[in-house]
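Shared between the two complexes below is subunit A, which pairs with subunit B and subunit C, respectively.
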Partner chain A sequence: MIDHKDLRPKDLGNPDQQLIKLQELMPLAAPYDKPGMEPDFKEIKDSWKEKYCASLDGFVGIDTLIRPKSKEEEEEFVGKFLNGLEKIFSDANNGVLQPLLLSFEYCAKCNTCSEACHTFAASGKNELYRPIFRSEVLRKIAKKYFTTSGKFFGSLVGADIDVNWETVARLGELAYRCNLCRRCAQTCPLGLDNSILAKEIRKIFSQEMGIAPNPLHEKGSMLQLKTGSSTGITKPAFLDTLEFLEEDIEEKYGRKIKFPLDKKGADILLLHNAGEFMAWPENPIAFAILFEEAGLDWTLSSEMMGYDNVNYGLWYDDTQAKKIALQQMRVAQELGVNRIVIGECGHAHKASAIVADRMAAAEGKIPVESCLPILWDMVRTNRLKLDPGKNNFPVTLHDPCNVVRQMGIVQPQRNILKAICTRFREMTPHGVDNYCCGGGSGFAIMNHCNFSDFRNKVSARMKFKQILGAFQDTMENSEVPKYVCAPCSNCKGTIRDILEYYQASAKFNVHFGGLVELMVNALVSMEKPFLEFLE
Partner chain B sequence: MALAVFAYISMVLFIGITAYKARKLAQLPLHGRMELYPVPGEKGRHEYGGSYYEEAEWWKKPRELSKGTELKEMLKEMLFIKKLFENQRPLWWLSYALHLGIYFLAAWSVLIIAGAFTELAGLPVKAGAAAGTSLWAVLLYYLGIFTGVVGFALAAFGSGALFLRRVFDGTLKKYTTPQEYFNLLLVFAAVVSGLTVWGSDPTFGNARSVMAHVLSLTSFAAGPLLVLHVILVGVMFIYIPLSKMSHYVGKYFTFHKVLWENEPNVAGSEMEHKVKQALGYRPQNAWSAPHVKAAGAPAPEK
Partner chain C sequence: MADLNVNGQVIALDEDGFLEDAGVWNEEVALALAATEDVSELTEDHWKVINYLRNYYEQFGVAPMIRKLCKETGYDLKKIYELFPSGPAKGACKIAGLLKPTGCV
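And then the complex of A and B:
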């Protein structure tokens, strides 16, 4: 094991059993600044070390990255990686070639990006998680094999790394220690983006080597292409779920609401993250209550790919992302709606509105928009009768990176919260300077071996610290309920996990949820609280 | 004469290779959208990082864009290295010294060339006190001294200090290759050699005289220090665009064509035309993973 202070990018190929071990993490705010308030890391099992690549930092992110059984397998693995590395600079990768080449070529290694990274900060500034560490390893390998200067001058130009199974596998794992939140890119004086390089490594593994974390690939995008949803919900199951929710709405809130379904020519096709129907059905219920009360002309779709807005391809595989996005577009076209509105799911916002924007010609393409401006319009134009007094408890807002930093949707959600809550307060920092929840780019659903420990204790640590900071005035008063508003399924999942991991809900009455739940809770027409913790 | 020819060749190569690099970058295929907010072109929203996506049915509303704000932000970045100033002040002092020094030296070079032409035209470039000196010549004289002294001092300090920082900073050292030390040393050596050649005459009369010979392609006596200086500067000019010190080219594309591009694909737009063209392209290389090969490349929709 190497002391992280001495760790250099070229050490990635070292034969050590484990390169570094996380020890002194960033301190948390009160009351979590006291000893014993935080669970320790789980011990890594020998069986994990034998089967997977746990030799980076003792965590396993890629559950399909299996150690080779022979020298031949090892060589084949390295060879495939190098083939893939060459391809990212070819026309197979046209869609990202210009940004990639810029970020690959021009880094001045000024290290300005490090301070922006929540994972680097949370890890106690461990060298392994410095944003340029991973990028530099990739540059070294590419220089060694694919540049004239690297072949002739070797270490003089940085081509000084041993490339073996361990190097490549560790680099693959290291690509899953970055949330792709792009906060570091905001600070780069040259406008470069380390997340592009992290994602390219993931793409090489998936698109060339066929290796990607199961929750993202087999149980994610592949399942979605097969069944219509990454949750595995099929059309009949989806219809059953809606029926159940309609009964639930009537029973709990005394309202008769029928989810509009496959309504041809509707104004709005509302696309939810299907995970909401399973984990947080109150979210689609709240949307239905608000849209009905505001009298919108909307519909859900029960068609294949029409009832799940997720697109995990965004995080690791461009070919998967394209297949999913094009099929989702087709559903909207066939329904003949005027617009697609994306529910509270950050990565789906980016996938449908930004990434898919150039996947098809504009003619005939259904425009995509976020749910947040529509929700703000409902409040602004008084189409909803709201009583902020019903939300008389501390509320803070988490900004999903995909919605805010990568789409520029900053004010609508804030305007709504200011109108419907009496005790809204911002996190520090917030808006486009926000920190990722720590679950971005797939981490929220990756729980293999001990990966959830990495998420809860490291990548989501900064977010937990921000939450504690936002509620410092009442944090230790368990009589006062506190609400973290996270208008994104992945962020919500991560925040759910950290509140549970640190027992913040049980001990300090901290809750989480979306924006629409708070809006419905504030509706004058609601006879009893919509938020369960208020009952 | 050979020295003058070498100086011309190095300048031609500097401009030529820079233009070639810019052209190559500009010709790269249309990429997916990768904006990062705040985007300066967003009129009225840039201050807090907002965009047109904050409007319901944004495609039906006129987009409010501001080229002025984009230009202002671009100049802040070019002239002051704003992001480094905001995010890493200790390094900014050194980096800005080097960059400001380079800007001053560029201005100084223009003034020396202008002064040489002026002297070739028979107008001596002298201090204002001399009788019969024109205002133009006086301006060239004093501005030449100011930009030269400040430029050489800042560039020498900046390049030397950045080099030393890389040598002694434990973190930077880990990421710095011998080539990157060489880059800084080359700039430092070129600047210091200039200081030794021109430093004996802070009015830079010698520099104008040598420049006049170079411009008129007439022979002149060059001492070993001058020869070394011209060679170092020439090599630096040829090497910069070949190395990553050509970030002055890349930076335009990273900001204007990636982070600040902000160009949605709407019907009838120029972007739609570009998207249609890009969708028609069939790549020569293909990915090999089974799930990619099995399905084949997804057919683009037209």
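And then the complex of A and C:
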């Protein structure tokens, strides 16, 4: 193992020993600043090392990246990668070619980006996780194979990396140590974006080598294309779910609500992350209560691809992303709605409103909007009768990167919280300067081998520290319930896991949920609390 | 996770201990899976949950919502955790032979 301070990009080509081992992590805030407050990393198993690539940092993120059985397999693996690498710099990659080339060629190595990266900070500033470290490896490989100087002069011109199975596999793993949150891109004085390079590596692995984490591809995109949802919810299961929830709403809250379904010509098609129905049905219930109370003309869709807004392709594969985006758009076209509104799911915001926009043909394109300005509009125009006194406990807000940094939707969610809570406080920093929850770009649902340790202890560490910071006044008073509002399914899953991992719910009464749940809890017309922890 | 050995038959499990192939499930496999979850015996209460999960899975190809599981079996979440210490998804669904949950859940 190498002391991380001496680690250089060319070390990725060293034979198969684990490059670094994480030790001194960034300290957490009180009461987690004392020893014994957090679990240790799970021991890595020999069987994982033998089967997968655990030689980067001792974590396994890609469960389909299997060690080769022969020299031929190794050569084929490296060859396919190099072939794919050459391709990303060609016109075939026109969607991203210009920003990719800028980020690839113009980095001044000033390291401003390192200071912005939550994973680099959380790791105790480990060299491996500098945003530019990964980019430098990629540059060295490209230099070695695709430039005249690199081919002839090798290490004299910086093309000093040995490219074998281990190098490429480690680089693939390293592409899954970045949440693609783009906080680094926001601080770069030249406007360069290291996350593009991480994403391009993931793309080469998926599109050219057929390697992507199972939860994202096989059990994600492919399952969605087959059943209509990455959760595996089929149309009959979806209909059964809605019917059950309608009964449940009546029994629990005494309200008769019928989810509008496949309503042709409705103003709004509301697209939820289907994971909400499985894990947090109170979220789609809350949307229904609010939309009905505000008198919106809206509908859900029960058509294939019409009841799950996720698009995991965004994180690793352009062709999968496009297939899903176009099918989702077609559902809205066939319903003849005025607009698609994306529920509380960050990456679906980006996928549908930004990425799909460039993928869909101009004719028949349906406008895509975020739910947040619409929700604020309901509050602002007094269409909902709200009593902030019902949310009389500390609340903080997690900003999903795709909503704030990618789309600039910053104020509506805070305006709402200020109107419906008595004890709202911001995290530091927040808004477009927010930190990723640590689950972005697929991490939230990648739990293979020991990967959840990397998420809980490293990539989500900064978020946990921010949560502790926001609640410092009452953190250790377990009588006071505290609520982390995270209007994104993916962020919610990550925050649920960290609260469980650090036992923050059990010990300190910290809860989490979306924004609409808090809004419904504040509704004057609700007789009982909507939030279960208040019961 | 190590594979299961049930009466000499090797049953493949994924890294989290879920069945790789839902088709190999039977009551003996359930007992063997229960042992991996620190559930030493399967009582009538356990079977009520397992049977409900399996019937739903057979009909819809996916696990039911936890709310629905509680309502249909008449057991609240606390009781489910008593029966299956790892909870409804990681414990009950696993022993019932359902595949690992997918998507943003």
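Throughout what follows, the second predicted complex is superposed on the first by the 533 of 535 C-alpha atoms of A that agree within 3 Å, B and C clash if a C-alpha of one lies under 4 Å from a C-alpha of the other, contacts with A are read in each partner's own complex, and residues count from 1 in each chain.
Everything below uses one rule, namely that a residue touches a chain if its C-beta (ideal position, glycine included) is under 8 Å from a C-beta of that chain, and two chains touch if they have at least 3 such contacts.
Computed from a predicted structure; not experimentally measured.
When both complexes are overlaid on chain A, the residue A:N490 reaches subunit C alone and has no touch with subunit B.
Residue contacts after overlaying the shared chain place A:P281 against subunit C, while subunit B stays out of touching range. By the touch criterion defined above, A:L156 lies against subunit B but remains apart from subunit C after alignment on the C-alpha atoms of chain A.
Touching more residues of subunit A than its counterpart among subunit B and subunit C is B.
After overlaying the two complexes on the shared chain, residue contacts for A:S370 are found with subunit B alone; subunit C is out of touch. By the document's definition of touching, neither partner reaches A:E73: not subunit B, not subunit C. In the superposition on chain A, A:L192 makes contact with subunit B only, not with subunit C.
Of the two partner chains, neither subunit B nor subunit C is touched by A:D297. In the superposed model, A:E476 lies in contact with neither subunit B nor subunit C.
On subunit A, the patch touched by subunit B and the patch touched by subunit C do not overlap at any residue. On the side of subunit A, the complex with subunit C involves touching residues 63, 215, 219-220, 223, 227, 229-234, 236-237, 240-241, 244, 248, 273-279, 281, 308, 310, 345, 444-445, 447-449, 489-490, 493. By the touch rule above, subunit C contacts subunit A in their complex via residues 15-16, 59-63, 65-68, 71, 100-105. On the subunit B side of its complex with subunit A, the touching residues are 25, 28-39, 42, 45, 48-59, 77, 81, 83-84, 86-88, 91, 95, 170-172, 174-180, 244, 247, 250-251, 253-255, 257-259, 264-269, 271-272, 275-276, 278-279, 281, 283-292, 295, 297-298, 300-302. The touching residues of subunit A, when paired with subunit B in their complex, are 5, 7-9, 80, 83-84, 87, 90-92, 94-99, 101-103, 105-112, 115-116, 127, 130, 132, 136, 149, 153, 155-158, 182, 185-193, 196, 206-210, 217, 222, 319-320, 322-323, 326, 329, 339, 353-355, 357-365, 367, 369-370, 372-374, 377, 404-412, 431-432.
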